[in-house]
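Next come two complexes built around subunit A: one with subunit B, the other with subunit C.
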Partner chain A sequence: MQGARQARKYRLQGAGLDLALPYLMLAPGLMIVLGVLIYPLWDGLRASTRAYRYGSPISDVGLQNYVRLWSDAQFLNSLWVTVKFVALSVSFEAVLGFALALFCLHEFRGIRLLRTVLIIPMVITPVVVAIVFRLIYASDAGMLTALSEAIGGGEAQILGNPLNAFIGLVVLDVWEWTPLMFLILLAGLQSLPHEPFEAARVDGAGAWRVFADLTFPMMRPVLAVAIVLRTIDAFGTFDQVFVLTRGGPGEATRLVSIYGYDTAFKFQQTGYAAALFVTIGLVVLALAFSAIRLLRRVDAS
Partner chain B sequence: MSTRLARILTTIFVLAVVLLPIYWLVSTSLKANREITQEGTLYPHVPTLDNYVRLFTEKQFGSYLTNSLVVTFFSVAIALVVGAMGAYAIVRFRLPFATERKIGLFLLTLRIIPPVVILIPVYLLMLSLGLLDTWLGLIATYTAFNVTFCVWMMESFFREIPVDLEEAAMVDGDSRFGAFRRITLPLAAPGLAATAIFAVLVTFNEFLFALALTATPRAMTMPRGTATLIGRIDTDWASMSAAGVIGAMPIVFFALLVQRHLVRGLTMGAVK
Partner chain C sequence: MSSVLFRNVVKNFGALNVLRSLDLAVPDHKFLALLGPSGCGKTTALRILAGLDMPTAGKVFIGERDVTRLQPRDRDIAMVFQSYALYPQMTVAENIGYPLWIRGTPEAGRKAKIGEVAAILEIGHLLDRRPRQLSGGQRQRVALARAIVRDPAAFLMDEPLSNLDARLRLTMRGEIKRLCQRLSATTIYVTHDQVEALTMADLVAVIHGGELQQMAPPIEVYDRPANRFVATFVGNPPMNILPAAPGERGVMIGARIVPLERTRLTACRLAEIVEIGLRPEDCSLAQPGEPGALPGEIYVVEPMGNETLVNVRLEGGNVSVRAGRDFRGAVGESIGVAFDPANACFFNSAGLTAVHRVNSNGRVK
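Here is the complex of A and B:
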């Protein structure tokens, strides 16, 4: 077997131009990635150790930018807002998505329509999703105000109130991304083996027992993957907040991405903003790698 | 019987939650500004297409649309060609020190890093190259993002294609690259389509880099152009809602047409 594979490999690689072929095929992609991703990554690291004025570096400040982050109340607040936003949104999405996937597991009429319609929120341009929700929340033109006035109430105050605006943002994210959870979890449910469930039915186990002892434990790895994917993605949320609230009112919905953007392009603190973004990148990478390790352990057990 | 009723009610509820916000967007876009802010009607009493006409006559939406189409087309097309070749090399060749596998892993790691991390250096790079507010600047940026994605997606598709077919072609006198082009690539066409579709979706919708890298209708894309309509105090709801419809329509129709292929990309390969 090994010998045959060896022979096959030899024949495949041939001679002359064929020897260079793998490198020729890899080169264009690597060059683009090197120029537009790797170089900027390195340049970003370099920028994060400098102070800038009007977009050009004026002095090296070492790790000062990084140190400053942790005594910057606005940064710490934006980090806290982001963690709250991610934790709340992703939890709701996981629970609702799971419930919906369980609901759709059995074929019934209307399920195809449901699945088609559920694609819409996640493919609409995020900027437009934010416009949709501004149109719902707006105190003068909003759907909530129109509905409330139709039943004799007053204007709905959503985006002007810090707590309501934050909840409004979470609702937007749940509306946009629950369908993704649903799709992943439905595929997971459909790929579970049938035998344990049939055995449980023969034994006369109730629906709740089946869920708690079979479905949920077997779905744990898929659920973990879905949650990790969404968490990483939600951490970088920018477009929707930029259009919906621009981070306000006050700092109520100012996620780290928004604070970083403002630091760089509004306050022109290029080096400091670069340090902020590098920090976010490290947090997300750490999150991803610990999640992967966790998943491996779940798989092994 | 009661489970059937519960199913119907749940289905209707979910459909309403998803579709009502979209209904409100479309309905607002068909009203005049006075009807929107003063009368607060639940549906357009005097439907009008003025808001749409104004987008193209007064607000440059023609340019935004052109820019979006050009930038999306080129960045996806280049990334697809380059990415397919790279993925093929990673899957089929065994290089010294397992270099090809390391490159694959490296590109995957790059995908995990949120793009926002390189926002500032990419901005500085385009500034120094004089590529701010140009098609080329956006195309270069989006192509790079798409390449890592295309390589990673195409890898899994090439793995599913048996190597014997290429060998047969080479026994018949084809070169290695010829076998790739004439045998493997056509067989991977559905995979290429799925990859392209998802890349189009993400590229067309991208906002953050378009926000930082473009400033005038010369290069502004649809999402970027739409965001210019958002005032802080006085908002032109009529134009904004019409812009939302125009901005979302191409991509929603496109997505519904090809939804079968979408799921894999949306779920980062977690679902096939």
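Here is the complex of A and C:
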């Protein structure tokens, strides 16, 4: 009898504050997540099924907004521009970043300084980067124009020419985000074991074979992660384009982010814009998942 | 196969002097163990031979060739690393075949050779696996297979057994020895384990503080150590060292006189010996008061199964004695330690062996 009461007492102590404590400690974080992540997501999903006028929902239209997207030539064009932009930028960034990381793996005088300097573009506020590039690209008083005139050419037409503006945007993105690739890949390279490389040297491999047979295969998972990260990020590029070209000239640099922004805030089609962004979100999600699946398969084989 | 020669090889890492003038000659077809405590420079010596590190000064020869400034791949060597250093993303077969593939051996010849060495090392059933799917012992075998798949001038092994568990280490020790004898290959084997060095090698080079202490066949290193360091590093338990001084009719150990034959006593006196060295198996336990035995008391008793190690505290220090498995004694009991001085060696104040034991072949019991 005494023993049973004692046992119940212990159980009750265990069932009280002790059990609730983990949930209590989780609660603030959970509230924040609910407030800033889950609610806006749900609100956005709800908005994407409505029609708006003057900023207020007027009717539920079901999936009509989603259906309309695929017959909207402007949307399809912006999607195409975005895919081109992402593919070009990310591949340049991957190649350049890998090359720089390989170079910076060697120890020599000033290497620490060089590694630090290479990171700088990444830490500058994107809007500031865009302003600097506008100063470089400007056709009247830009640096490129100055350079061109110094060697006897005319004004450099960058932002006024559709193709040049697009290339200019890619260059900006490569300049700003190669450091991220560089950083991830350098960390990856530094974490590789030394011995297989020494073994390969003894076994008779030259620099190129060491790279092709060892470095690259061993780095593939890291490279894949870096590319996935950058791809997701590049799909959401907004501020640089907004400052540099606002999507122009014409639709040459109008990424989906800019088109969605215009739809929502210029044309006040909140519901349609929400549907657009939900769609893009799903596309990026699908990309990320398939990339991760691909990664796993490479890993497992 | 080729001989290997180090001539005055010096290696500094910044201000740190790792090798000070190493001279070493390994004859063709011999198995040399580079033995020394960690940090003694033995691995550095091996890496210099492999071409992975450059010597600060001196020359390295493989056969007749001066390879000091050559790239590793131009030295015609094969190396087994402590961590195996397998290529993680290649299969076992690709790992083994890599040295051949890189040299452009046609596929048919490559396959045949891979099959051959895989059979020797009994890993034929693992050829399609990847290194991470293998156990430590299997990885070790793959690393060995990759080394012997070619016919290099020399094999270099950097503590290949130290990542294996104790039991596997014993097995692989025997197998590597067999393999090297079968290939009759010039082998440089780095180890800090004196048992490995003694059991496997034709020649043992003991290195300490970046300097060669002694190079000789294992038995000679064991029986006729060149100095106090070699004497205490080789052998388990290590050689017992007691302070000693030459006296009128024998050697004085503490207050006791141990009689010594005339010529050796003269040699001891001339060399001004300060210490006597005795192998544990050359000592025996005796009754406390027995004439000629050194009196002491039991300090530790360690039954090993096949024998008992008895540590006895004597006047000048502690001494290990190998006793029979049926030895019974309590800690603190009085006991005597007897030995035949013909088996003892003597060190001078510089730590060099001044007077060796009488007979290096037959032990006097």
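As a convention for this text, the second predicted complex is superposed on the first by the 285 of 301 C-alpha atoms of A that agree within 3 Å, B and C clash if a C-alpha of one lies under 4 Å from a C-alpha of the other, contacts with A are read in each partner's own complex, and residues count from 1 in each chain.
Operating definition for what follows: a contact is a pair of C-beta atoms (placed from the backbone, for glycine too) under 8 Å apart; a residue touches a chain by one contact, two chains touch by 3 or more.
What you see is a predicted model; the values in this text were computed from it and never measured.
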item: Partners on subunit A (subunit B, subunit C) - clash or fit; value: fit
item: Touching partner for A:193 - first (subunit B), second (subunit C), both, neither; value: second
item: Partner chain(s) touched by A:62 [first = subunit B, second = subunit C, both, neither]; value: neither
item: First (subunit B), second (subunit C), both or neither touched by A:154; value: neither
item: Which superposed partner A:43 touches (first subunit B, second subunit C, both, neither); value: first
item: Touching partner for A:217 - first (subunit B), second (subunit C), both, neither; value: second
item: Partner chain in contact with A:201 - subunit B first, subunit C second, else both or neither; value: second
item: Which partner, subunit B or subunit C, touches more subunit A residues; value: B
item: Computed vertex angle (subunit A) for partners subunit B and subunit C, CA, steps of 10°; value: 90
item: Overlay on shared chain A, then closest C-alpha pair between subunit B and subunit C (Å); value: 15
item: Parts of subunit B lying in touch with subunit A, wherever the complex brings them together; value: 7-8, 10-11, 14-15, 17-22, 24-25, 28, 36-37, 40-42, 78-79, 82-83, 85-86, 88-90, 92-95, 100, 103, 107, 109-110, 112-125, 127, 140-141, 143-145, 147-148, 151, 163, 166-167, 170, 175-177, 201, 204-205, 207-208, 211-212, 222-223, 226-227, 230, 232, 235, 237, 240-241, 243-244, 247-248, 251-252, 255-256, 259, 262-263, 266-268, 270-272
item: Complex contact set, residues of subunit A against subunit B; value: 8-9, 11-14, 17-18, 21-23, 25-26, 28-30, 32-33, 35-37, 39-41, 43-44, 47, 55, 100, 103, 108, 110-111, 113-114, 116-128, 131-136, 138, 140-141, 143, 145-147, 149-150, 175, 179-180, 183-184, 187-188, 222, 225-226, 229, 232, 235-236, 238-239, 242-243, 246, 257, 260-261, 264-265, 270, 273-274, 277-278, 280-281, 284-285, 288
item: Subunit A contact footprint on subunit C (complex, rising order); value: 50-52, 71-73, 75, 77-79, 81-90, 98-99, 102-103, 146, 156
item: Residues of subunit A defined as touching subunit C within the complex; value: 193, 195-196, 198-206, 209, 213-214, 217-218, 220
